[in-house]
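First the structure, which I've put down as structure tokens, then a few questions once you've had a look.
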Amino acid sequence: GNSQSGSGSGSGDGKAKVKLALNWVPEPEFGGFYAAREDGSFAKHNLDVEILPGGAGVPVVQMVAGGQADFGISGADEILTARARGANVVGVFAIYQRAPLAIMARGDRIQSMADVFASGTVALEPGLAYSLFLKKKYGFDKVKIVPYDGGVARFLAENDYAQQCFVTSEPIAVKKKGASPKVFLVADEGFNPYQGVVIVSQATWQSKAELVKRFVLASREGWQKYLDDPSKANGVMAKLNTAMDAETFAEAAKAQKDLISTAETAQKGLGAMTKDRWETIAKQLVELGVVEKAPNVDEAFAVL
Amino acid sequence: MRDAPSSLANSLFLRTARSAASKTLPPFVALVVFLLTWEIGVRWLGVAAYLLPPPSAILSAAKRDAINLLMGAWTTAKTALFGFALSGVLGVLAAVILSSARVIERAFYPYTVFLQTVPIVAIAPILAVWFGPGFLAVSVCAFIVSVFPVIANTVTGLRSVDPALKDLFRLYGASRWASLVKLTLPSALPNIVTGLRIAGGLSVIGTLVGELFAGFSEGAPGLGIVVQTAAKQLKTDLLFAAVFSATFLGLLLFGVVNAVGSRVLGRWHPSEKLDQSEIES
Amino acid sequence: MSPRETSTEEPAAEVVCTGVRRVFLGGVVAVGGATIRIEPGEFVAFLGPSGCGKSTLLRMIAGLDRPTSGRVEVGETDPCNRSVPIAFVFQDSHLLPWRTVLDNAALPLELLGVNKSERRAIAREVLRDVELADAADRIPAELSGGMKMRVSLARALVTKPRLLLLDEPFAALDELTRNRLDDRLRTLWRERGTTMIFVTHSITEAAYLAGRAIVFSKRPARIVSDRALDLGTDRTADLRGTAEFAAAVRTLQKDLEAADA
Amino acid sequence: MRDAPSSLANSLFLRTARSAASKTLPPFVALVVFLLTWEIGVRWLGVAAYLLPPPSAILSAAKRDAINLLMGAWTTAKTALFGFALSGVLGVLAAVILSSARVIERAFYPYTVFLQTVPIVAIAPILAVWFGPGFLAVSVCAFIVSVFPVIANTVTGLRSVDPALKDLFRLYGASRWASLVKLTLPSALPNIVTGLRIAGGLSVIGTLVGELFAGFSEGAPGLGIVVQTAAKQLKTDLLFAAVFSATFLGLLLFGVVNAVGSRVLGRWHPSEKLDQSEIES
Amino acid sequence: MSPRETSTEEPAAEVVCTGVRRVFLGGVVAVGGATIRIEPGEFVAFLGPSGCGKSTLLRMIAGLDRPTSGRVEVGETDPCNRSVPIAFVFQDSHLLPWRTVLDNAALPLELLGVNKSERRAIAREVLRDVELADAADRIPAELSGGMKMRVSLARALVTKPRLLLLDEPFAALDELTRNRLDDRLRTLWRERGTTMIFVTHSITEAAYLAGRAIVFSKRPARIVSDRALDLGTDRTADLRGTAEFAAAVRTLQKDLEAADA
């Protein structure tokens, strides 16, 4: 029984009630969806979207594949991995054209990503594809690798300490404490999976393509609005996420703008994806040993 | 002469007040001393506030974010309480079944350890898919984290029944049910209470962790989410305010278990007996 | 003694021990082959040195322990089946510490399913018989040693068993109370005709109460003597002054000295 | 006649074998039945392998990654064992101090709940900075997670000492130390053993969690890192293989506590007594 | 009885109770104003109905409980200070369940810091005196009721206290063993001159052992009679047959009947 979440079922006023599962709490990285909800884009497309924010560990892919949510947010690498394991989800809209994944470090010594792995301690979440990529590229033999603990306290407390980050999040937090981190995007190193990808289950995609299409259109409008003026959606999200202040919201929204809106999206619209990029990722995942053989990327994403 | 009753009432009042004071004063004094030491220690040693903020900073963060903390605490409390109740009921039940025959105990008791060692990350997807994300799934996390101490303590209690009393019940042909209700469970009560004392704290931490893995909430994010977001934003003061809110929930459960425990155990069990000195004075 | 009023009188049970031996783990032989036949309605006293195996034998008769070899039958069935109702006053009082005296005494009735008010009424009456009416609402921790044993006695008397086992029930009581309870017990036996086995260290008590006295040797318990005590059915305080009584006491004394040797 | 001794030896051997079988057979049979049910159930209900893989898949993942799992288990075992030992020693010590005076107990016992409710994420940075990441910091996590049950159970045990025996020691003018060593601690042993039984499982999960916050992920990563990696890469079969390795560690500790417990409690405590039937046969 | 050999003999203690009352929570008056003076080296028997307050009084004399009003002094100090060594045979045996009989008996010596081999040797000897030499290595759960009480007695006898309190120590023993232990106790008292207070329900035992008998009334305990028993210092089994003994027993019997009324 996988579709009991009422995907697309009509609500009182004829709108389809759907659930969008986030993989983190309300932050600018989801700003477009809140904008779509607040400014009526979802309503315009006859959607009644319930946004479900979650903790860092929520199993979004499994929930979408299992039908507990109609839409979810994930990354291209995770989507391909999930498909390789039999969790058939499809990416339909990519917020980040360039991955906001980065390494931040402190100290004069460090001028490049290579310097990060020359000595000291680096905090990386175990199992992440990009950490495998960095390992392959730079080798981890000169540094101590510790698990990313979800915070930034140690970054400030310890010298010669680098850690993974989202360019829109941790660097801003430590800057507020007076530190000046050096931030290196993983995308610049050659690993650049789409991030903030809206996913649906294969079943939903096949049976309710129309609904999915409406969702994508609404999201695109919402994101455009958010890029134009994030303040209103930020205000809404700030109420839901009290750990972050208004200033941080604004800075984060600014910091991510270039990663979302690129020359390509100017052409094809926000959220666009290309088969080339997906194939590159698939190849890289095989090289990194995350998956045994490259999944068929044609089924993994859909351009609307 | 006419003052006698009122002076009696007075002394009774004084006594009650003194007894209440003797119960609430020590933890209060301890708390104050502890917080002062912390405040001074942190300032003196120059511990960075983003590692360990002084209590004053935590307090002002708590004031600043009072509403969110309260709402978060409410979300977490509901969930933890339900998980705790599940642990209490199912834990005692499981222990009773385990103790019903040596073979069953031998066969299954060891595997209950699994409940204690399984990381939530491993089962969160199953829970989220089976129970739907949110309240129920998180409660089940709290249950899984907190049930083993109830089982282990109840099993010890059920096993420790005075063999002579067992003989007595056997002699009078008591049914299994009667023996359980009238002998074994009452004998095991002190142990069950201890199990619940432990389960109280564990159900709170189980909820905090569960919220990160199986909790979705639009309205009021639980304390677990507050802790995680505060860590990410380096709001260590808020983080500790949330941690202490969680501890406060744990303390509430602890207090409730203690109160119910000493009511039920009453005067008969030595673990609840007052000191000689307290009787005398 | 005013025990529970039931409509149908159950007959007293017969007790047959055949070559009963009990060897504990570690090789301690507590009972070394006892063969005894106790007729329905007999009142038998067990006497013997401390640690000789009397309690162990009683536990086997009650079906709370099994002989290592030999057989015990109560009312022609294995006592472990609990088909014959037995009451037992243990050597220690063994009360439920969380229950009041009243509810401790009422326990056997509760286990038989008698409703609350009825069982409490019966228990209250029996507590009056053991002179504990005013302690009904206390808990065991608030009782003296002798009071605890009397609660335990009351508990055994609330039901109408077919066999009543008493393991030194009056050892912790003063002589006057003890004599009164002796008389009550004797009256009860005459009214009900229950089979009774009574362990005591008091030779005079044994002679006063029982119709038959069995003296056991030092561990392992073997039967040294088994005598009928023909002192009549009506036994009153006067009996203690008679020559027959003194003679009976003297004989038992001799037997015990033999047992102790 | 000449056969008698050998037949005696034989029957002794049979007996020992039978007793050993009666101890190991039930859990083994239970395990086999459980795994079979799981395997069949998962296939029948069509549960997705990425949610809950069948045991056969877990087994083959375990074989595939045997070396990683073994090394991870070794890292985790060392750390958990040290944390467990800390819990045992410091927990009992804390309970003894708490029980030494009613005022101290009232003042501090409630706050030990904090240890149970504090999320590792809150204190991990402090631990990592103070102790340096790795063995010691992770052990301290395991300790923090597992110490409260030891404290709570020991306190119950220390409180439950037979008042008559306390009188006895008072009468003979026993020093506090002598009362503690010769009366209170032995009386509390069944409770302490139960506390350690719970602490065993908790120290394992505490290590798994601690490794994610204060451990190393290269070199010989512990099972916590393996679990996290597997979860991130949706290698659910490997994830469960790691979880079961952790459970196995928990079971080992549980077994050791049980064995030591029944040795120490020996024949005197009813909770360790054999069934009547087992004595007889 | 061969208790611990010490070089310096400690003098026996005097016991003075002045208007001692003990009211338990809930208003139960267990002891209702007792004034007693016991000289050093006296052997006093306490008699009284079950539940009258004897054990409570003994506990106060041992410093294990405090009077609600009035004062208790042992050797001119408050017994709660433990400045005067006292030994106590409780009404129940109260053994440490995890220790062997030998180590239970040796406990008081252990608490005094006597080394292992020495204290075990002494305990073994005392166990022989209470006829338990062969049970030295068992644990309490493996003993009969009477055996447990004898271990408890042995435990009280391993030290040389200045005051020895015995709360019905022989109630669970057969008459022969009881008589033997009576004699031993009497011998011990003569050798050591320890002050002894002995609670018993057996009037003959009280008369046989004690130099003075105090009879208490029903609860709350009040002194009904306080008599010296001038039956000589050398008391042997023959004494039991004499007319003086019978007279003493009869007097005490009367006192008890008065107490019970």
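The chains carry the letters A, B, C, D and E, assigned in the order they are written, with residues numbered from 1 in each.
In the analysis below, a contact is a pair of C-beta atoms (placed from the backbone, for glycine too) under 8 Å apart; a residue touches a chain by one contact, two chains touch by 3 or more.
A quick note: this is a predicted structure, and the numbers were derived from the prediction, not measured.
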item: Joint neighbours of chain D and chain A, given as chain labels; value: B
item: Any chain that touches chain D and chain C; value: B, E
item: Chains linked by the largest number of contacting C-beta pairs; value: B-D
item: Chain centre separation (chain B, chain E; CA means) in Å; value: 48
item: Interchain centroid distance [CA atoms averaged], chain B/chain D, Å; value: 20
item: Distance from the mean Cα position of chain E to that of chain A, given in whole angstrom; value: 84
item: CA centroid of chain A to CA centroid of chain C, Å; value: 82
item: Shared-contact residues (touching 2 or more other chains) in chain A; value: 62, 66, 149-151, 153, 157
item: Interface hub residues of chain D, defined as touching at least two other chains; value: 50-51, 121, 125, 129, 162, 228, 231, 236, 269
item: Contacts with 2+ other chains: residues of chain E; value: 92
item: Touching residues (chain side chain C, partner chain E) in the complex; value: 24, 26, 28, 47-52, 55, 91-92, 135, 138, 142-147, 150, 168, 171-178, 201-203, 253, 256-257, 260
item: Chain A partner contacts - residues on chain B that touch it in the complex; value: 48, 50-51, 65, 68, 120-121, 124-125, 128-129, 132-133, 211-218, 221, 224-226, 228-236, 238
item: Chain B-facing residues of chain D, complex; value: 22-23, 26-27, 29-31, 34, 50-52, 102-104, 106-108, 110-111, 113-119, 121-122, 125-126, 129, 148-149, 152-153, 156, 159-163, 190-191, 193-194, 197-198, 200-202, 204-205, 208-209, 224, 227-228, 231, 236, 239-240, 243, 246-247, 249-251, 254-255, 269-273, 275, 278
item: Parts of chain E lying in touch with chain D, wherever the complex brings them together; value: 59, 62-64, 82, 85-88, 90, 92, 94, 96-98, 107-108, 110-112, 139-141, 159
item: Complex contact set, residues of chain A against chain B; value: 5, 21, 25, 50-59, 62-63, 66-69, 149-153, 156-157, 169-170, 173-174, 176-177, 240-244, 248
